[in-house]
Structures are given as structure tokens and as C-alpha cells.
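One chain, subunit A, appears in both complexes that follow, with subunit B as partner in the first and subunit C in the second.
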Partner chain A sequence: MHYAFHFNVVWDHWRELAEGAWLTIELSSLAMVIGLALATVCAYAKATGPAAVRWTIAAYVEVIRNTPFLVQIFIIYFSLPALGISVDANAAALAAMVVNFGAYGTEILRSGIESVAHGQIDAARALGLTRLQTFRHVVLFPALKTVFPALASQFILLMLASSVVSAISAVELTAVTNSLQSTTFRPFEFYFVATGLYLAMALGFRAIFGAIYWSVFMHGQRS
Partner chain B sequence: MNRSFGLSEFIYLLAALRWTLLLSLIAFVGGGLVGFVIAILRTTNSRVLRLLTVGYIQLFQGTPVLMQLFLFYYGLAVLYNMQVDAWPAVALAFTLYAGAFLGEIWRGSIQAIPRTQWEASACLSLSYIQQLRFVILPQAMRLSIPPTVGFLVQLVKGTSIAAIIGFVELTRAGQLIVNVTFQPMIVYPIVAALYFAVCWPLSLFSRTLERRIDADLGIKRHL
Partner chain C sequence: MSNGLKHFGTAILAIVAALLLVHPAAAESTLDKILSAKKLRVAIDVANPPFGVLDKSGEPDGSDVAVARQLAKDLGAEIEFVQVPSTGRIPALLAGRADVTIASISVTTDRAKAVMYCNPNGALSITIFAPQSVRIKVPADLVGKRVGITRATLEEATVPKMAPEGTKIVWFDDLASTVQALLSGQVDAAAMTAFAEKTVSDANPAKHLENKLLVTTAFYGPIVRPGDFELRQWINTWIFINTQNGTLAAIYKKYTGIDLPPLPTF
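Moving on to the complex of A and B:
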């Protein structure tokens, strides 16, 4: 091995890398917020809608969960323009991430809603609570508690998977790293540091979500 | 003159699916060996071994697969002072990636076996290896099969990312066909359908096995 590592080149570009990391966080967070709204609608429709709606949503969830994210991106970015729906790379990346998160989120929320024992709902109704009150005071909190960890890890998976959108040259950390390494000819050093940044973001988010979970759901509870 | 998507292009995609499956198989077998060692080490009493294996799992689960691929690809190039073929880098990266996930899944299965099983087999004066071999692993194996099959789906989908560093498997083959036919609206949905044809049966199989084990253990789940 006769290779001299030059990490000082990477250090010279720390500002671009930090901006790239921030773009990744922005893109993932935005995708999660919109994706969660989509998932909520789908989970609700799947629980209460007519058979045709339920089947459509089930098909959506199965198709997304059993095909690669990269191919989903290609379909949105390259195939849809043929139907006259043309979007730029960043919008296509966001759309792909929303569609992807929406499918996994639907499954997670469904399991959360179903985890609330039916007897609890019956009891609340028998006590004269309205449907909305039952949902607000009896169903919502335990359901959120059940799904929170799963949603948190799904968000981290989404953030890590977002590196793949660099393949259609949407701008985020991986794309920034790609362009930096191609002008400096130091691929290993740049990817090494970018990997470290992703790891730091993943661990950081895990810690933040853990703290939120603990303070919201475990507060004052002995378990 | 443009080629259009026809039978020979479809056959080309099918032939490329072979590389997707072969890569998945290599990663699964290699990752299985790594994961087995990781799972065993993580359940030992040695603090150092546990910390090392936790670190390994965190590293591979907390960073994007694409970054792992880049690091192995350029890392091997640095090591051998030349541009290497994509095959060894891709195979090595996916093996270690699979090893981290399988290790974590199997650790969970081993730890799901009640403590009393260890104690009872120790009382029968079985050695540590014998306890694992005859008492713990046969039970843990049964529990581990559904999530392992589930991970296989994730692995097959994940190998699509190898397309980004130019490894020709199904997704890369789809890109190549699009480059000559200019028909992304036909090619990418077919690529997605081929992945679906592989992954969906595996997903269904995993769910069936899970339900069967739940039924045997007397766990009622809403499905």
C-alpha cells in the first residue's frame, strides 16, 4: 500500500460538506412530514374505507415495499415525464421519498391503531365519551406510544436511503461529496468523512428521538 | 435509428436479474457466516466482545449502503493502487452489510429464548457449546426464520444500489436498455415488476411463517 491519505483536502471543504449534511436533514424531514400525512390518510382509509379503497392502498403498500427505492426514483424522474409529468431532480427525489415513507408509515400506523385493545374503546363509549373524545383521550396516546419507535427508525432509514437520490443528481450530502471528490481526486477521504457524517446524523437523531420518547411517554412511569 | 423495447431487451433484463440474485445469494451466505459469529459474540458474557460487535452493527446500520459501497470500491483501489473491478468491492460490502443485519436479527432470536433454558441445560452439565448446539440454537433458529426471510427482501432490493457504481445487475441493465431504447416509461416499470416478482413471494412467505410461529406460541396478532 503506497497511498498517502490527505484529509486536509477534506477539511478545506468542510463548509460544503456541512451544507450537504444540512440539505440531507432538510430533505428527509420534509419527506417525513409529508409522508406521515400521506400515511395517516392511507391508514385511516384502509381501516374504514370501502373495499376498493382498501385494496388500492394495500397494493400501494405492497408494491413500494417490494421494489427497490432506486427504481422508484427512476420511475418518478425518468418514466413519468413520458406521461407529461415533468419534475426537476430535487422535486422527484422528494416525491420518491414521500411515496416510499408513506407506504412504510401506513403499515406502522395501522399496527399502532390496531394495538389499542377494542375493550378500551367500548369502555370509553359506554362511559358516554363521544367518538372524537374516545379517539383523543383513549386511542391516540397509546397508539402514538406504540408506533413512535418504529416511526423514528423508519425516519433514520429514510435519511440513510436518501443518499441514493444522488443518482438523479438531486442535491444532498452524497451528491455534494460526489462533486467534491471528482474535483479533488480524493474519493476515499471524502467518502470516509461523509460516511462519518451520516453515522453522526443517525446516532444524533436516534438520541433525540429517544429523549423525546422518554420525556413524552415514559414521564412519571415506572417500567 | 432507435431500438425499441422488445423480446431481446426483456431477455437481457432477465439475464441481468441473475446477477441480482447471485449477488444477493453471495451476500446472504457470507453475511450469514459473519452474522452467526456476531450473534454468538453479542450474547456472550465478555464485555469487550459485546462492545466490538455492537460497534460493528451500529457502523453498518447507521450509514448508507451507498457510502459503504463507495468506501469499499475506493478503499480496495487505494489498497491495490489501481482501479479494481466492481465485483469484489460490491460482494464484500454487501456481505458485511448483511452480516450486521443478520447478526442483530439472530441475537434477538437467541435472547428471546428464556434464561431458564440455559440454566436447565447447565444443570444437565452441558458445556457452553453443547448448550448452544443442542438447546438454544434449535429453538432460536425457528424464531429467526421469518425476520431472516424478511431481511432477504431488503437485501435483494438493496443490491440495486450497486448499479450506481456501475455493477451490472437488474437496475443497471435497465439503465443500459433505457440508454438505447429511450423508453424509460416501459423499461423501469418492468424492472420494478421483476423485483416485485422476486420479493413479494418472499414477503408473503415471511408473513405466513410469522403467523404460524405466533399461533404455536399462542400469540394473537391483528393481521
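Moving on to the complex of A and C:
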């Protein structure tokens, strides 16, 4: 089999690729921030809320963690208009990513929360701190520190999984790559470059998370 | 001394001759490989009614599939289907996963830069359709409307060119998603083959879908990898024979419900 590589075609389209990669970064970062907030609320409610709330959150987490991301995206995108909500593909993709990351994040944070020694919580309560105050000041920070590497990994997985939102017409990196390969008929060149871009983004985010971990959790720590 | 040289020369000649014998005369052509393995790998798209679909038992069916089965039978080869989405029809071929793609792939000059076309074995039209309530009479009416199209199809190659500036074109990876977007209201109109349009309209009478604009009419044919001239020539011969004996027309009529137009050759 002979295949002549023509990478110059790729450079002709670098702007579209860069725009696609940027949307991937935007979607993933926004989904991370909003999803982490959602996960924190859910993890708190699951740890301290009444039984009905705990069961609802457990159901949410299990449904999302045990169904394919692509199916979740299709359900959100194709069923929203039936509910009278008109959103474009990017908004639907973001919503799906937030819901997805929220569920995984809840479970990751739960393990972090459970790792905080009970004596510390009892001590905080004995000092007169409310449940919320205890959670904010005594539980959350060490819990986050414990699970930070797991959260960072989950974020990278989310960013890579975002490649399937091209299925609902969001124009992120994979969608751009698919369009370019199907109009230029140079599939290998474009998929190679897209692979390289995903790898670069993943390594870049890992470096950023490493820096955050060091500056927030390690820097200036005495013990 | 001279005797020794002679023996030495004879020995060299013998070695060279032996090397020539064991060395294959020339690289085997794809057609040779198909014939010796008795296996033909055909890339098909089963999400593109009525050309490629899955029947109730999950087996590939449709006019492309019927053509591929008959072609393999006449070639004396067992058929192996390589199911691909519309975006994979050319990559699967170029990557060597299939020997030929038979997936109603319309003849365009751009595609011909990447693959070699055999003679056409069918024709199709691309149309834009939408619910009755959406007002589209002329191309200018598309301005401001969201029009769904599928990547790596003839509609992708033609609709963006005919649509006036201001049309919001929305790309999907497969026909099923494009159809779902139209039915769910995520797009105002969609472009696809007239046959797919009919399948969708018939299956969803409550949506009152109607044909709005004819985009283009084109011929489609099997594609092979660049340089596979022997295979292309055999397929062209097969298309010639089966145009003459009416097999292609019968398959086309069975799946599309209309008569096969006269097929040009090139």
C-alpha cells in the first residue's frame, strides 16, 4: 500500500484547527469549573443531607457513571427542544460535560471527604462550628488536597471525551478534523495532527494542575 | 586457473538465477490478492437508506449492499463487509481496510484527487427538505435558517456552495444525527438524498416534511485506491455486463422504487 503524505495541506488549515482546539479548551475548562462546583454541592449534600437528598444524588451519580457519554449528549441535545428549550450545540455539549464531570467529581470528592479523620470533624463540632462551617474550613481543603490528582486525571479524561460532542455539531477539534479530512481527503495527516494537539493539550493541562497543586497545597506549608 | 574462474562464474550465475526464481516477479496487484485469497473486502455505509441499511436481523442490506454481494459472487470471492460512517468511506479505503468502497459515493473532481472512481452504477439527487411550516421557496429563503448536513457527503460538497451568505449550516457526523436534529427541531431544514428524504418523511407523517429545493443530481460509483487499475478495470467490466443484462437496473428499482437512468461511462 502506498500513501503519499501531504502535510502542507494541514498548515493551510491551521487557523481552523486552532479554533477547534480553542473550543475544546474552552468547553473543558468551563465544564471543569462549573462541574466541580456542582460536585462540591452534591458531595456535601450526600455527606450531610437527609436520606431523600442522599438517594437522589446517589441515583444521579450512578446513572451518569454507568451510561455512555455519547448517549448522555444525544439525550440532552435532542430532548431539550421537546421541553421548549432552544440551545445551540455548544451549550448542549457544555451542559452534558458539566453533568458528566459533576457525577464523577461527586464520587471523587466523597472519597476525599471520607478520608478526613473523624476526630477533626468532632473537634470542629465541639468548638461550635456549624455543619457548613465544618465542611468549608475543616473538611473541604484536606479532602481536595487528597483527591486533587484524581480530579486532575478526571479532567483530562473529560477533555479527551469532549471529542465526541462533534456528533451533535459542536465545532471542537475533532469536528474540525472530521470536516477537514472529508473535504481535503487527507485523513491521516489531519488525524495525526489532531492526535498531537490533544496530547499537547493534555500534557499542558497536567503541567498547569501540577503548578496549582504545588502553589495551593504545598507552598508555604509548614508540616 | 581459467577453469577455476569458469566454475566461479557458473556458480555466481546459478546463485543469481536462484535469487531471481525465489524473488517475486512484481508486486502483487490488489486484484491478484483478492483472487488468490478468494476474499473481497467492501467498505459500506449502512446508515444511508436506501443504499445501505441494516435489516431486521442486523444484516447489511440496501442497493449498495446488493451490488457488492453480486459483484463478489461474480468475482468468485467471499465478501467481507467493512461498515463505516459516511466520513470513513474514503479513509477506510486509503488505510487498506477495504479493497473497494461501494457506498453511493458521488463522483466529484475533488474526491477523484484522492481515490480512483469506477464507472457510475447509480444516480441520486440532493434535496433540502423541511416541515411545511418552514418557508423555503428559493435559495435566498435559506438566510438565517439552520440547515443540517452530514459530513463527507455530496451535500457537504454542494450545499455550502449554493446556500446564500447568512445560512447557518450545521454539520453532523452521520445521517442519523442529521435526521434526528431535523425531527427534534435543532435545525430548520436538512439536506440529504431524495431517497433518504422520502424514507424520513414516510416514517414521520406527523412532521409534515416536504421537499423544498433541489440542490444537485449526481452519479455515484465504486471507488478503489489510486493505482489499482486492474481491480478498477475488472469492476468496470462487471458494471458493463450488468448494465447490459439489467441486473443493476433491477437492484436500483427494487431499493429506490424508480427506474435507473442511463449510466454514463468515463
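Here is the rule we go by: the second predicted complex is superposed on the first by the 195 of 223 C-alpha atoms of A that agree within 3 Å, B and C clash if a C-alpha of one lies under 4 Å from a C-alpha of the other, contacts with A are read in each partner's own complex, and residues count from 1 in each chain.
Following the convention adopted for this analysis, a residue touches a chain if its C-beta (ideal position, glycine included) is under 8 Å from a C-beta of that chain, and two chains touch if they have at least 3 such contacts.
Fair warning: this is a prediction, and the values are worked out from it, not measured in the lab.
**Q** When the two structures are superposed on subunit A, do subunit B and subunit C clash or fit side by side?
**A** clash
**Q** Contact-wise, after the overlay, does A:65 reach subunit B, subunit C, both or neither (first, second, both, neither)?
**A** Once the two structures are laid over each other on A, A:65 reaches subunit B alone.
**Q** Is A:179 touching the first partner subunit B, the second partner subunit C, both, or neither of them?
**A** After superposition on chain A, A:179 lies in contact with subunit C alone.
**Q** Which holds for A:126: it touches subunit B only (first), subunit C only (second), both, or neither?
**A** neither
**Q** Is A:89 contacted by the first partner subunit B, the second partner subunit C, both or neither?
**A** After superposing on A, A:89 lies in contact with subunit C but is clear of subunit B.
**Q** Determine, under the contact definition given at the top, whether A:161 touches first (subunit B), second (subunit C), both, or neither.
**A** In the superposition, A:161 contacts subunit B only.
**Q** Could you tell me if A:3 is touching subunit B, subunit C, both of them or neither one (first, second, both, neither)?
**A** Both partners.
**Q** Give the label of whichever partner, subunit B or subunit C, reaches more residues of subunit A.
**A** Result: the larger residue contact count on subunit A belongs to B.
**Q** For A:198, decide between first (touching subunit B), second (touching subunit C), both and neither.
**A** first
**Q** Kindly classify A:171 by the partners it touches after superposition: subunit B alone (first), subunit C alone (second), both, or neither?
**A** second
**Q** After superposition on the shared chain, which partner residues are touched by A:188: those of subunit B (first), subunit C (second), both, or neither?
**A** Both partners, subunit B and subunit C.
**Q** Identify which of the listed stretches of subunit B (79-87, 133-141 or 187-195) has C-alpha atoms clashing with subunit C after the superposition.
**A** Of the stretches 79-87, 133-141 or 187-195 of subunit B, only 79-87 runs into subunit C after superposition.
**Q** Share the list of subunit A residues that count as touching for subunit B in one structure and for subunit C in the other.
**A** The answer is residues 1-3, 74, 78-79, 81-82, 166-167, 187-188 of subunit A.
**Q** Within their complex, state which residues of subunit A touch subunit B.
**A** Touch list, subunit A to subunit B: 1-3, 62-63, 65-72, 74-75, 78-83, 111, 114-115, 156, 160-164, 166-167, 174, 187-188, 191-192, 194-195, 198-199, 202-203.
**Q** Quick one: which bits of subunit B touch subunit A in the complex? Just the residue numbers, please.
**A** Subunit B reaches subunit A through residues 58-59, 61-68, 70-71, 74-75, 77-79, 81, 153, 157-158, 160-161, 163-164, 171, 174-175, 178, 183-185, 188-189, 191-192, 195-196, 199-200, 203, 222.
**Q** Under the touch definition given earlier, write down the residues of subunit C that touch subunit A in their complex.
**A** Residues in contact with subunit A: 86-87, 90-91, 94-96, 110-111, 113-115, 148, 151-152, 156-157, 170-174, 177, 180-181, 184-186, 225-227.
**Q** Which of the residues in subunit A end up touching subunit C in this complex?
**A** Those residues of subunit A that touch subunit C are 1-3, 74, 77-79, 81-82, 86, 89, 166-169, 171, 175, 178-179, 181-183, 185-188.
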